[in-house]
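Below: a set of structures, written as structure tokens.
Here come two complexes built around chain A, the first alongside chain B, the second alongside chain C.
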Partner chain A sequence: MTLKRGVPARHALAVYWRTWFAQIRSIVEYPADLWVMASAGAVWNILQFAFLAVLFANVPDVAGWGYHEMLMLSGLLSVAGGCNALFWDGAWSTGSMVIKGDIDYRITRPAPVIIQVGSSHIGMQSIGEVVFGAAMLVYGWIGAGIGLAAVPIGVLAVVCAGIIQSALVTALCAVNFWIKGQASIFAFLLIELQGNAMKMPLGIFPSGVRLVAMFLVPVAFVNFVPVSVVTGHMPAWWLAGVPAAVLGSVLLAVGVYRLGLRAYDSAGH
Partner chain B sequence: MPILEARALTKTFRRPDKASGFKGAVKHLMQRKYKNYTAVDGIDLSIEPGESVAYVGPNGAGKSTTVKLLTGILRPSEGTVRVMGRDPHTERIANAHDIGVLFGQRTQLWWDLPVEESLKLLKHMYGVSDADYKARIEKFDELLDLGEFMPALARTLSLGQRMRADLACALIHDPKMVYLDEPTIGLDISVKDRLRAFLRELVNDGTTLLLTSHDLADIEEVCERIVVIDKGAIAYDGSIERLKAHYITTKAVNLYLEGAANVPELAEKFPDYEWTAGEAPSEVTVTYESSRFTTAEVLGSLTAQLAPRDLSLSEPSIEDVIRRLYAGELTK
Partner chain C sequence: MASVDIALATIAFKRKIAYKTTWLFSVLFGGWALLAGLAVWNHLLGDGELGGYDWQAMKAYLVIGFLTGTLAWAGAEWDMANRILDGLVAIDLTKPVDFQRARAAEYIGGMVASVPAAVLGTAIAVLVFRPAGPASPLAAALTVFSLLFIFPLAFGISYLAILCCFVTQRFLGIQWAKDSMVAFFSGMMIPIALMPGWLQGLSWAMPFVHFTTTPASIYLGRVDTAGALGLIAAEAAWAVGLLVAARLIWRQLVKKVTVHGG
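Coming up: the complex of A and B.
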């Protein structure tokens, strides 16, 4: 398989993994930084645990969703965010790379720029996020009484959640090709909105919000749709929307990034 | 057939047109205005395989923008670029295998990785075989002393080490066309000498080189052809020798006399020469037109009549010529 503009997909993947493993080797050389950042991610997730425990000590359910189901929502969202930071944190640097002209060298190399940028950094807080997010997900899974038969769906949901999350973040970070600024405001906004809204059942929001979260910016497919299906809140055929959301969000990210590279005007002229 | 050909190459950037200060910023927010700024203005450039070309100009002349257009980093606003027959922007991947780029002000090393890891990542990215990689690393080590800092993290390198490592990164895939943008900026004399020797070796091996630098010694030692750019347009394109022959029309002799030099009296006695007082009272500089007098004639007449204690010849320098080209005192 060959990507557009003559890069074999296998080569692009090899570039990605080699860069990623090189970053991992570098991180391992500084264990103190690793543990501090990993702990920060873990503490954040423990707080989520505590919040839900307190909430459900006072209310029996939220829009028909129980404690363990809500834990699954939070857990899957955390794992998705953690995967983004673990495997694709470099996308967040797009804005600063554009401002500083650091995309220049990447354009002159025979590999997709988006791959080189995405793999350029690993967020060490991700380890805590992934581990404790997964713990919440598994605890919620067991507590909600979902059997082992649905585990393959759970695994698929985790993989897809990480890809959709990373792709949406990438598309929004690529806006910085036009709006010159170091911080990826739109991507931060997405994370903020997800943190506030997507840990709740989508049913509590007005229909307009539900439509946007399902079809316009498909954040619902990161955690809400797969958890709804395995917990029986939505029919199984909704699962087909998850790979479709993966495809759509990846195409969106690649498209916006390509357009951004066409508009890229480097620094210092 | 040229390895690189640019025709009517133009790059225009849009810049915000706003007054300074907070008031200007707020006004611009409400009423957005932009001005077009042409950084590169209709450049025609053709480079044959194996040529070493210096691309020089004052700050803001459009040197780096030209390099970015030639390497495919920027899309031209108008005009065309072909490198080995390809458009470097639309055929980016194929072009990347044939070019090597170094921007002296930035590094392409992975900041938190050892130099060796960065080179290995590039090796795999360019698909360099193990044997070629080994041979090239050995050569770089011999010429650039890479071995001493290969295991060091990029962020711990000195500027000179960083530049040598970046040069190795730019050349690890043995590119046919190499662009070096300010490769000796900020380096001390010994590192500069080493880099220049390396670049001469590179050119001797048949690599085509486009070099931008403010250090004219880089140019004289490495390049045969010079392209001077000013305000986005080419002011001169030709050999360095022709530049000297065409524009350096005078030569100078510094005389150190026994007593104090009386410049008006000397000017009256030798009206064909131009006389300038030196730093010391006994020092005087004689400037003469090289088309009218040979150096031997000038020295003969001066030593016979003035019996100087010592003298020195001022070597013709392209620095003066380029300075005058920048200042608009000379024309093509």
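Coming up: the complex of A and C.
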């Protein structure tokens, strides 16, 4: 299998891992940075935990969803965001690289630009997000009484969630090829949409929001659909949509990035 | 206010309105959070009440949260963070302008650019959702007065957050941690009144509570006039306290500046 301009996929993958490990080596050099960022990632999750604990001290359920089931929703969403930051945080730099003309360097190197940009940084808040997110997911899993038989589905859900999240963030960060700006405003909008809506059962929102989250920007497949299936809120066949969402979102990310690179005209024009 | 402050604020204002799409989307963020909040609380409250908030009061609470959120986070936070991360702070140190004061002028200039959109968005939300009105004309006036303190408070919190960039290589994670702290402890995520006593005490002991709970409590008459004035005094104290604390922290952190390994 070869990628664009005859770069073998194996070579691209090797470049990715070499760059990623180089980032790990640089992280170890800055321990203060590591701990500040890991704590920052933990804060979000601890507050999500607190939010749900306070909410369920006042209400018995939310649209038929219990405390532990909603912990799973928040936990899986957090792990997905953490995976994005851990393995593909560089995508968030697309806007600033476009403005500064930093994409120039990447174009001249013999590896796909998207791989170089994606692996150009590791968001260390991911450590806190993944650890505390996984803790919420496991605690919710046990509390909701879901047995070990469903663990393979859980593992698949985590992997797919990380890929869908990273791909959607990449596609939306690539909008900065056309709409110039330091901040990846569309990707932030996605995170906002998820932060506000996807930690809640989708049933409480109007049908328009449900349709968008399911089919237009398939954020529901990051956490809502897999958690709904293992907790029995949705039939099992919905799980087939998860790999489909992975494929769709990855193709979308690659497509938008390629179009963006065609529109890229370096800095100062 | 010196002419240099006005000049810096004007530049930040112009920079903000130059990126019109970015500016528009910052309003959409708040708009989306408001709509999601309305959907969630409409479901949770129904015809009843939680923590003393019925549906009408909760609508007012969420609209006030939208207004303060849109105003507060429209400042030039990323520009400040990038100055430290890119090493531009080294050049700032050679300038005859105090770093904190210059950034405050820029931040508030950026916030002013969001005032028309925030007011317009709030007016639309009021017309569409018809929230509860203010408890009294005096409560309305005191609410507006309390909202003025959002400007120095938002700057103080953002500035403390960006100072973390002296020991980190990126601002994104810091920003999310700060945003989640504000969302939770301001009462935007869940009203403070629903929290257990110890968490309520903790929330009231932090400055974040003044972004939503303070103006909403004054507006809805959950505190009397003396209570409202007390809350406004607390806002003023936090505004000064954050500026002083940031100055003390800056003195320590600025020693850490290394630019290109030098």
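Here is the rule we use: the second predicted complex is superposed on the first by the 266 of 269 C-alpha atoms of A that agree within 3 Å, B and C clash if a C-alpha of one lies under 4 Å from a C-alpha of the other, contacts with A are read in each partner's own complex, and residues count from 1 in each chain.
Definition applied: contacts are C-beta pairs under 8 Å (C-beta built on N, C-alpha and C of every residue); 3 or more make two chains touch, one makes a residue touch a chain.
Given the structure is predicted, the values throughout are model-derived calculations rather than measurements.
Visitor: Between chain B (first) and chain C (second), which does A:Asp102 come into contact with in this model arrangement: first, second, both, or neither?
Guide: first
Visitor: Applying the document's definition of touch, where does A:Ser78 land relative to chain B and chain C: first, second, both, or neither?
Guide: In the superposed model, A:Ser78 contacts neither chain B nor chain C.
Visitor: Identify which of chain B and chain C touches the larger number of residues of chain A.
Guide: So, of the two partners, C touches more residues of chain A.
Visitor: I'd like to know which partner A:Gln23 touches here: chain B for first, chain C for second, both or neither.
Guide: In the superposed model, A:Gln23 contacts chain B only, not chain C.
Visitor: Is A:Val15 touching the first partner chain B, the second partner chain C, both, or neither of them?
Guide: A:Val15 sits against chain B, while chain C stays out of touch.
Visitor: Considering only touches as defined above, state whether A:Ala111 meets chain B (first), chain C (second), both or neither.
Guide: First partner only.
Visitor: Please name which positions on chain C make contact with chain A in the complex.
Guide: Going by the criterion above, the answer is residues 19, 21-22, 25-26, 28-29, 32-33, 36-37, 39-40, 43-44, 50-51, 78-79, 82, 164, 167-170, 172-174, 176-177, 180-181, 183-184, 189-190, 194-196, 199.
Visitor: Applying the document's contact rule, which stretches of chain A touch chain B when the two form their complex?
Guide: Answer in residue numbers: 5-7, 11, 14-15, 18-19, 22-23, 25-26, 100-105, 107-111, 120, 262, 264-266, 268-269.
Visitor: Which of the residues in chain B come into contact with chain A in the complex?
Guide: The contact residues of chain B facing chain A are 11, 13, 39, 62, 64-65, 68, 71-75, 91-94, 96-97, 99, 101, 103, 105-106, 108, 110, 112-113, 117, 120-122, 124-127, 153.
Visitor: For a test of understanding, state which residues of chain A touch chain C in their complex under the given definition.
Guide: It is residues 30, 32-33, 36-37, 39-41, 43-44, 47-48, 50-51, 54-55, 57-59, 62-63, 85, 89, 92, 121, 123-125, 179-183, 185-186, 188-189, 192-193, 196-197, 200, 204-206, 209 of chain A that touch chain C.
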